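In what comes next, chain A is part of two complexes: it sits with chain B in the first one and with chain C in the second one.
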Partner chain A sequence: MKIDCTIDGKTLTLSLNSDKPLSLILRENIGIDSINHCNGKVCGLCAVLLDGKAVLSCLVPAFELNGKEVITFEAFQRTRGMKDIEKAYEMTGATPCNSCYASRSMIFESLIAEGVTDRSEILKQLSLVKCRCMTPDDEVNVVLKAIEIRRKRNVRRSQFA
Partner chain B sequence: MADRKNFSRYNMRCGILIHVPQGGVRITRINAPEMDSRFLLLTGNDMPGDDSFSIFSSSFPIIAKETVAYNGQVAAALFAPDYESAVLMANDIRIETEEAGTDTEDSVPYPLEYGWGDFNPEEEEEGKYRKVESSFSLAHTAARGMRLYTVTAWIEGANLHIEAPSEWPELIRDTVEHVTGYPKRNIVMHLVPYTARNDEFLLEPAALAAISATATIRTGLPCELRTETLYSHPGISVKRETWIDDEGKPASEKVVMTVDQGAFTILPEEYQRQACAGLIPPYPLKSFKAAVKVTTSLNAPAAFALSLGYSEALASTEYHISRLAEKTELTPYLYRASVEKEKRRFTDYLPGFDLDDQKKTAETVASRSSYNRKWAANSFHKRDFGIMGYLRGIGFASGTGIAGFSTTFRKSSGFGAMMTYTQKHNVIVNTSYINHPGTVRRWKKSIADRLTDGMPDKVAFSDHGNDSMDIGPDVLSRIVASFSSQLDNAAKKLAVLKEEEALPVSLKFDAEDSYYPCEFENAGCGTVVCEISIRQSDMKPVATALWAAFSFPSILEAESLRNSLKRTLMMTLSEFGAEIPMDFQMNIDISSAGSGGALSSPQELARGLAIGALSDALMQAAGKEAAALPTSSSIIEELFRK
Partner chain C sequence: MYEGLSSPNIHTPRNMQEYSTIILHYPESTLWAGGTFIMSRPDAYPSRKPNQEIIYLGEIDELHRFQRNDRFAEFGSMVTLDEIISTGKTVLPKVLMDNIENIGSRLITRRATIGGAIAANELTTSFPGTLIVLDTNVEIKYIKKRRLHSRWIQLTRLLDRSGHIVIPSQGMISRVRIAFSDKNYQNFSSVGSFLTDPEDSVSIAFAATLNQDVLLNPTIALTYPKMGILYSRDIDNVFSSLRFPLDDEEYKSLEMIIFTFIDSSFQGLSNLQRVRTRGILREIIDDLNEKALTMPLQEE
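Here is the complex of A and B:
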């Protein structure tokens, strides 16, 4: 089937099997090798932003992409949003391992953009990532710190505007 | 590393591996359907050169030719225009096999035996000594992980390009040269970022690169091979007997460790030495006998998995000390305090050193975790809670880390270096050592502080030549620690010589000069307490909290060290079957002893202590059979059914 979607800011029309998972589309059709594909084992290492919300790309079939916007870590890492998260990593002294860095950062971004501060909600969302390189406390601290950093940045921006 | 060529995916071949699930069989025939020129099937007989690759003195087949040495060995690789076609075609390929005996025992070394004293408690008067036995086991694990990775090869002009994640790029170049005959100088590596928490990217990428390169040469097109990471950890079994006197003090001990390294062994002699160092207990003994046996099996060859045996051996020792404590009805912390002396005994494997720092870390962790109170409460409730028990346990492990490879290995591998102070007041270091960029930066800085007024630009490390290992796995980087101290000593000596002698002045040094007569140097110590409970609904062990304290001779970056230790502790608990809940608490304390000595492989120490504490906690919560790791809810459920 033909699917119209936007991936990392590029509007594309793809001819695909309707049930092909997004993780494989990104690896095989777009050439983004950093996205993992675990054959449905739900490793949590393939998170992308689908219309701004973090989802596991291995669980998104091609037909659901029609008219949607996908942002992968490849594009997200160059944004101001990622800078906020990096700053939060630095300030809390907790950084994810290289293996889950991209995926966890995407989920952090989704939580920060929604302004989620509830501990259980944060941990519920982050439980998508199976990698155990961060303690729950560290995960919560990173989100809260990044929300604080972003709010300060937004306030500064509105003052200058 | 050069930039990857951006070729179209439509002009490349996508490959998958075809495995034989059962080892110990002989391939009689590979039945493949008719394939057109878009497909390529590679078997062991299609490899142009030698179908094997070597690491140190061990040799591994790339594709099984006749005999399948281990379960899941690669029997063929299939390349197609896209992955879907490759998978569909692979479904039609049938591999016929027949039973065959395997003979891989040749590579197994003799058991390593070590001990002292000839005191035999069995000859003493009856009832004077009691025997305490324990068995500790870690099952051999070999499984394809969830991480998918690709290895790509393509030809551009006279160069063969390889793109792969690899802990050892030099091994890939060597293997590709060995298999394809392509000159090494024309093989260009493009390294893909990776995380190898179990050294998954040590061996397999080299084999995959050789297959992809062969396919590229055969087809003239870029070829990509995709597979899931293989995680393989050796199986360990430690049986220990200790005779204790009336007061519970150990008098004599015998220990036998058996290591199943899978179908092929990697550095088995060094593994034995490191394991032996971990088996020696910290308390004084009249006699001690240890034996480390390496065996082979039909399992996939085990990678280092962060340790060359020391972690596992240390964990078994810690587990056993807790069993001795049980017999004396003391908590393991108090028992250790009662039997350990101020100084550790000098052995051929570890020097004698003060246990002050280690005792301090134990005290810190025990008080923060209220260890004695919780241990006593768990033991008391265990007896009174009927059939199911209290299902809670708290484990304790405290030990020392080791630095570098053994003296014997370093002598045989002949790593040496020469430091020269030139007439232009520069420093040149010639070495065939591992040259991890971050480490070299650190070395340059320390030499610059002593010799070139803090200007690292004036310190140069020579080209390491073709024989050097460039970026080795973590466990090989352990050698860096001992070399750092040698460099520092050489810089100190050279600082004096340059004032006294005519320039240029050189100093040659090598591994033989240091740490003789001990095999290892101690580097840091730590204590870990792990609290677990078994969830009644599904019998899953859940780690509720962990307290740790470490003391290292020197700390370069405290924050990154803390992060790294946290990760190692969390991942070790998770790897061996403990669930990490949302309310999991971790308290970690790191201190520097300020002695300026070598800091080496803190992860290995943390891993050993975490395994020891987890098995001890499981023992308290659910009994000794639950302590055989990795554990799971089904194992624990089975225990209660018995």
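Here is the complex of A and C:
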């Protein structure tokens, strides 16, 4: 099956099995190793942004990708959005471990973009990541701090414009 | 890997007319709603079935609709659980909202659909049990004499003896109608994850009207993901006959009766599931005891 989609800003036409999970496409066809493929165990370590919203890539089949935009951590880490999150890690003193850094950062970005400040909502969304390197308080603090940083940046940008 | 090997054909109907044409041509097709159940199976990819046909229901507008009146809310089967939370938070029964919030991350509820949660071959969510407690009706579209027919049916009538929801062959759930419940005691409790720990998980949905010291119209559904849903009018009647608060002896005999029902329906319940079931039941009864003791007396 031919799939037209945009992955990390590149428009691609891929010839794939129609039910191939996105996590495997990213690993095997695109060569992105930071994505984990857990074979449906819902480990929470394969989050990507699909049209701006965080999804578990192991649950997205190839045929649903037609015309969609996928952003993986490889591309996201070079954006200003990631810089906000890194700054929040630094300011709160809570940084995820190497194994969940990519996935957690993608979920944080989705929460920050939506402006979610409700504690239970933040914890619920992050409940899929089983890694215990961050406490629930750390997770909430990082999201709130990153939202604050981004707001300040947006205000500065609008003042200069 | 596996490129070109048994790649399923995908059909994406845009309306029910197109759907009926496709299902008539390919009666053995797999219906694909949100895909969370299918994709979370360890053997989901590569497909083992040769010449597999998949009908993706996500493009049918009719299945994404939501409407409500003063008696019920009606959801198209492709409405996601996340959309249900955002559209019906103030009007839908508490037990339902608690259930959806308990399912977990929005990364899952954003993709899981109400129709898929009911029709999946295995219980990946505790959702069907809660819908049974709420006396939900579903509209089934099915093929008969090469035509698409539809019929509303109570969800409890789709429950077979083994506690599984069985959709008629070539049938599809198109709409789900949930009545607004005026029951003043609703409780949903779940322990363990249905997706990642199905052997030891359990959930209980309970709804009733507590009137002074008796329960009116109680309904309870116990869900064990690997086994099925236990719903029985007999258990409901046992709850109707109780007078609250219950003392320890009464509680023990209630627990024994419920476990007799559970053991007669499901064999091989794990010890952890037993302990967890006991814990949730105790929690419900303690809660009811407290409410019965603190409820203001009604004037004659």
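What we mean here is this: the second predicted complex is superposed on the first by the 161 of 161 C-alpha atoms of A that agree within 3 Å, B and C clash if a C-alpha of one lies under 4 Å from a C-alpha of the other, contacts with A are read in each partner's own complex, and residues count from 1 in each chain.
Here is the rule we use: contacts are C-beta pairs under 8 Å (C-beta built on N, C-alpha and C of every residue); 3 or more make two chains touch, one makes a residue touch a chain.
Because the structure is predicted, anything quoted here is derived from the model rather than measured.
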Discussion item. Quick one: is A:S15 in contact with chain B, with chain C, with both, or with neither? Answer first, second, both or neither.
Written reply: second
Practice prompt. State whether A:E28 touches chain B only (first), chain C only (second), both chains, or neither.
Written response: both
Worksheet item: Touch check for A:K41: first (chain B), second (chain C), both, or neither?
Response: both
Practice prompt. State whether A:T135 touches chain B only (first), chain C only (second), both chains, or neither.
Written response: first
Worksheet item: After superposition on the shared chain, which partner residues are touched by A:A94: those of chain B (first), chain C (second), both, or neither?
Response: first
Discussion item. In the overlaid three-chain picture, which partner chain does A:T79 touch, first (chain B) or second (chain C), both, or neither?
Written reply: neither
Discussion item. Touch test for A:P61: chain B only (first), chain C only (second), both, or neither?
Written reply: second
Practice prompt. Find the residues of chain A that appear in the contact set with chain B and again in the contact set with chain C.
Written response: 28, 41, 127
Fill in: Residues on chain C engaged by chain A in the complex (per definition of touch)
1-10, 12, 32, 35-36, 39-42, 44-47, 54, 56, 58, 101, 104-108, 110-111, 195-196
Worksheet entry | chain C partner contacts - residues on chain A that touch it in the complex | 1, 15-21, 24, 28, 39-42, 44, 47, 53-56, 58-61, 63-64, 107, 121, 124-128
Worksheet item: Okay, in this complex, where on chain A does chain B touch?
Response: 27-28, 31, 33, 36-38, 41, 43, 45, 93-95, 97-99, 120, 123, 127, 130, 132-138
Worksheet entry | Parts of chain B lying in touch with chain A, wherever the complex brings them together | 9, 82-83, 146-148, 150, 192-195, 197, 228, 559, 562-563, 566-567, 570-571, 573-574, 580-586
